[in-house]
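Structure incoming, see below.
The chains carry the letters A, B, C and D, assigned in the order they are written, with residues numbered from 1 in each.
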Amino acid sequence: MAARRLRYAMIGGGPGAMIGPIHRLAARLDDRWELVAGALSSDPARAARGAVECRIAPERSHADWRALIASEAARGEDRIDAVVIVTPNHLHAAPAVAALEAGFHVICDKPIAATLSDALAIERAAHAAKRAFVLTHTYSGYPMVRMMRAMVSEGRLGTIRTIQLQYAQDWLARTIETGDNKQAAWRTDPARSGAGGALGDIGTHAYHLGGFVTGLQAEAVFSDLSAFGEGRTLDDNAHILLRYAGGAKGMMWLSQIAPGKGNQLRIGVYGSEAGVEWDQENPNQLRYTVIGAPSVTLERGGPGGLGGDATRTPAHHPEGYLEAFAQLYSDAADLIVGFDDPDASGQASMLPGIEDGIEGLRFVAGAVAAHAAERWIERTNWG
Amino acid sequence: MAARRLRYAMIGGGPGAMIGPIHRLAARLDDRWELVAGALSSDPARAARGAVECRIAPERSHADWRALIASEAARGEDRIDAVVIVTPNHLHAAPAVAALEAGFHVICDKPIAATLSDALAIERAAHAAKRAFVLTHTYSGYPMVRMMRAMVSEGRLGTIRTIQLQYAQDWLARTIETGDNKQAAWRTDPARSGAGGALGDIGTHAYHLGGFVTGLQAEAVFSDLSAFGEGRTLDDNAHILLRYAGGAKGMMWLSQIAPGKGNQLRIGVYGSEAGVEWDQENPNQLRYTVIGAPSVTLERGGPGGLGGDATRTPAHHPEGYLEAFAQLYSDAADLIVGFDDPDASGQASMLPGIEDGIEGLRFVAGAVAAHAAERWIERTNWG
Amino acid sequence: MAARRLRYAMIGGGPGAMIGPIHRLAARLDDRWELVAGALSSDPARAARGAVECRIAPERSHADWRALIASEAARGEDRIDAVVIVTPNHLHAAPAVAALEAGFHVICDKPIAATLSDALAIERAAHAAKRAFVLTHTYSGYPMVRMMRAMVSEGRLGTIRTIQLQYAQDWLARTIETGDNKQAAWRTDPARSGAGGALGDIGTHAYHLGGFVTGLQAEAVFSDLSAFGEGRTLDDNAHILLRYAGGAKGMMWLSQIAPGKGNQLRIGVYGSEAGVEWDQENPNQLRYTVIGAPSVTLERGGPGGLGGDATRTPAHHPEGYLEAFAQLYSDAADLIVGFDDPDASGQASMLPGIEDGIEGLRFVAGAVAAHAAERWIERTNWG
Amino acid sequence: MAARRLRYAMIGGGPGAMIGPIHRLAARLDDRWELVAGALSSDPARAARGAVECRIAPERSHADWRALIASEAARGEDRIDAVVIVTPNHLHAAPAVAALEAGFHVICDKPIAATLSDALAIERAAHAAKRAFVLTHTYSGYPMVRMMRAMVSEGRLGTIRTIQLQYAQDWLARTIETGDNKQAAWRTDPARSGAGGALGDIGTHAYHLGGFVTGLQAEAVFSDLSAFGEGRTLDDNAHILLRYAGGAKGMMWLSQIAPGKGNQLRIGVYGSEAGVEWDQENPNQLRYTVIGAPSVTLERGGPGGLGGDATRTPAHHPEGYLEAFAQLYSDAADLIVGFDDPDASGQASMLPGIEDGIEGLRFVAGAVAAHAAERWIERTNWG
């Protein structure tokens, strides 16, 4: 791939951050992106330190994201192509809107925002500016997840009947947010996370995955939310039922308090002809069963093999989370390079975007409402 | 164990039956039981053929279970101690009541009956006759399931927060009941199975398992039932939420139409201190995780080791379904031998009985009602 | 199966024994056998106590196995059909020969004897008496092991190229034989076990399994034996190479000192067209891969399904060690009932017998010689 | 990490290559390296095409590696720091020696060379030039492999008793080298690969892993080599026994013809106190068992957690082959930056180098000799 590397600036992700460094690793892997500017922290000292670590030139490092955008917008040919936003949820919308209005593409960590109105503001800005907005639902970058999606769309499962979703962790089993764990602190704080706790943090991933794989739209939700951690107001465990278009039923368990669960995101899709299952902690395989036949283990192949081109290593040389994340960055590069091209590639069309972000927040709103009302809430009443 | 073998008669379970032979194998394994009489089929020829295969003397074989009970009641010292009932659900109550009234103990396949009124009739008969009634919820006989129960009751999990239950199969993925599959035919027929399809057939097992392991009583149920098989009226897939006493939440997936699922009964219990998981298809192990510590694989030991005395083989020599079933028969023998003893053993107290049977039917009724009403149904309104 | 139960006497297996109770459970499971006599211990008090526990009539219980055989030989129609021998290795031959000479069939725990000359004496006695001799290589009773054998013989693997055998345990990781562990004491004592330690105790199982599954004869052996336990003279870890007829190569790891290994018997057979693998600790499955196709998980079916008739429970209801053992007893019953019939069933022909016992001891002798000589030893020089 | 990126040139690895692109991905991941020059192919057109794809400036791209080295040596401050060699085995030595003599560090794919004399020539050149030579035994870069090594060196396993090594594949199960598979063609050709087939290609990895994890030196080898592929002269399956210093015994299965095996590299190390196991296809976990305690699953933690700093993602977000490879490149950067510093980091000391390369070839020579002689060969006679 001899095309030039795209240039990006990062907002958030300074020293001590969790997801910022992951974005940088992922952006680098396929050599399509170059980090050249940033507002890595609102604390000037941290911002400067982060810039040194990331080899960002001092004149392109800022503590204020507004200054960053203004400064980049004023540059010539070497200005950034895109802004990557990795701040806490409630700080996504303002820089995203500003970046879009300044003509930059935006890549944003999930969930899209803490509130639906923020998300809708981003949507308006992106449409107005005709710029790309990519939401990093990482798990949709895994080759075997994309293979599941292809299997469903090719009809290999028949009519979908039930979708089992699980995203279970245990890192909030104790109330660590009262200590100095910043990740726990903002994720359990409604002011910074929004109406959902586990719902927003991991539920949006699981919900997106269900739609991504099956292509089905959820039409109603029921939920039973719990906040087991002492003093917590946001859910840390959620039991959710879904009804999809076409009669498929779904079930989702979200937990951040289940001892023994690390990052156990699982999906099983069962149709009238076959079933297929995937587990994020063993991501290079699918278990696939046609009714009446023995179960088959489908292993990710090398590039061009099972799992398609969304892979880099030969079969049986395991890939993981960074490679899935990198796939989104490569796809985003394709999308941006071809943004004005009406024949954008199908690969790019798999990228999660604004619609997915809004849908995720609607799901959170629906689940919160269903819990409160103790009844099914139709999608027309989600948020 | 030098005590005499107990004698039993079997009702149902003739040539072609599925669960009858399993009961006979299980009863034989530990040498506590002897099959001496039967009404194996209402078809005289089949009953006679079955009797020969089972080495039942011709004079103790009948086609009519009433004749069996009358005949045995009239015998002297060598008469049976107990009746084992393995007919379809709607045919449990009448022989059970008659056997109890004749002074025999009863061992009955689950669910206890097709209707709650039938179950209550059995309860009255057992109380009046002061005879034992044992319900074969097989999975409670597995050593590692009993170990889970002990771990919970010893407080090793802390306060229980969430219980994940799954019982998934695929044998009804196609509508085989329209062919000559008798098992499928009666299980999909409300007249013979009762109000629940998968709910009654496998849901009662999963529901019992949740209560058995945690000692918690369910207080409310919500459900979303489906009948995916063409023409089916009973549920073949169920998504169920539970609320337990003390604030624990439960989730249950039941399916008989999920391709790739054989007999996948799984339970995970997650508390404030630790979590533990078990899988029927790999029954000799538990996965146990204390918060912050690595996951441990607890393997069933030999007799007296991990898993206690409910086992027969040295550690690492796998046991399975028959051994779990046999455990119920051994425990039933203990129960019956000590029936007039007020100090009956704790082991025996683990045996599922009438209360469990009634509780199971109430659960089915509650889940059916919750589905119809689309709201939580409190246990006071379960049937 | 309405034929009469066969009657047997047990020699060894009194209170405190490990394998004797397993034989009794296995013999009982399929209702083809009845224990009616015994010399369960050479200690009269233990013999008597064992007889009570096993419901053996006092007059048919002895402390001296010679008295047992004489007494049974003198009985009328109700005398035993067979003798089951579960004493330590060096005490197999004398009662086996005596029982055969008295006209009884013999079922004997493995290895056949502590010395080759003892084994040959048994062979002569069996041939002279025209009685059956069955050696309980338990693992050949597992349905999925038999399925592997069928797959190989049907050519589904092509020409066999390599056979990987592993039997690893850890129960002798510490030198527990110096304490009161009787099992450890006789197994580490050359006077009671013979020339092989792990070789005789578990190596004969693994070696038999390789031949049973592939039908190939080993033609040369090389080995590296170790006795890691302090003061041990017999091997507790063995690394063995094999060359089979037709060019296939084999590799075998035996260990009783490998921490983390319980009873990990595994076999993998790889041919020119496909490979297949089995693991005793997960015995209801095979992993099968045809070159170029995804791996398939073959699950044991119910009776008549995958795994054939050597099974009792429906698919996905796990069977284990006792069921495999019981299969040998059922097959032995078939063999004995049809013993004078030249058209003995194929099923029975799978039963390990004298030839297998002698072959096992020759393997031990060959491995011991190869270790000493540090070179390949051809089978013509095995013992 | 604000230090400048190191610059490298690649020799080999042009369009169609397998391992060259992997090196480039790995070098990029941690942002310590920059590809600036190359002789990607001896075919000028392919070299040029590769250079465009890799964004190498035309004036720094060559078809002749001699021209590359001369040209880079003549450059000023922006010249390369190191040369990466990814040609077939027999073409490693000449460019390595030349690069070292020109003052460049060298990173070379394994095995070090096709012949021992070539390897010794590299050794002389590196010592004379005082430049670093890094051999990419990728598997030593996995965090959990490094954790195993630490566990052994801390004595957590006690005295090592047995080491089980397995590296099994199936990609040469058919004789694909007769078609157009270039990878298969050179690997099965003694002129290009050296004396070992599977021995050199995967055996050197497994052998290195055994020594890397345990710190033990092998002192004798025995082997049984096979060439099952029709017309093949080099081994495609090898059964190998090892004796290590201190009395530990080893066993190694190598195969490239075992159907169902993808890239199954496994190691188990069993000591007097505990055992630990690792599987390349599930690389984020160890199974660890202290005698008498239940087995524990040790999961790779995030940076600074279990597995130390050789990791990039939070726990339970799987890493794979590229990350392990990248670790070698990061360690190599540390090594090179600190090359003149006598206090080079311990991390860097884990890097495989010339000694490991020579040791690997000696192992191949020893195993080939042992097979021919049919006896143990002491390490003093390895090549």
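We adopt the following convention: contacts are C-beta pairs under 8 Å (C-beta built on N, C-alpha and C of every residue); 3 or more make two chains touch, one makes a residue touch a chain.
Note that the structure is a prediction, hence the values are computed from the model and not measured.
S.K.: Given that subunit A and subunit B are copies of one sequence and touch, is their interface built from the same residue numbers on both sides (over half shared) or different ones?
M.R.: same
S.K.: Of the chain pairs A-C and A-D, which one is connected by the greater count of C-beta contacts?
M.R.: Answer by contact count: A-D.
S.K.: Taking each chain's centre as the mean of its CA atoms, how far is subunit A from subunit D in angstrom?
M.R.: 35
S.K.: What is the distance in Å between the mean C-alpha positions of subunit A and subunit B?
M.R.: Centre-to-centre distance between subunit A and subunit B: 44 Å.
S.K.: How far is the middle of subunit A from the middle of subunit C, if each middle is the mean of its Cα atoms, in Å?
M.R.: Whole-Å distance between the two chain centres: 56.
S.K.: Spell out, as numbers or ranges, the residues of subunit B touching 2 or more other chains.
M.R.: In subunit B, 295, 299 touch at least two other chains.
S.K.: Touching subunit C in the complex: which residues of subunit D?
M.R.: So the residues of subunit D in touch with subunit C come to 157, 161-162, 164, 170, 173-174, 222, 224, 226, 228, 237, 239, 241, 243, 247, 249-251, 253, 255, 257-261, 268, 270-277, 287-291, 295, 374-376.
S.K.: Within their complex, state which residues of subunit C touch subunit B.
M.R.: It comes out as residues 1-2, 18, 21-22, 24-25, 28-31, 52-53, 55, 169, 262-264, 280-284, 299, 312-323.
S.K.: Which positions of subunit D touch subunit B when the two form their complex?
M.R.: 294-299
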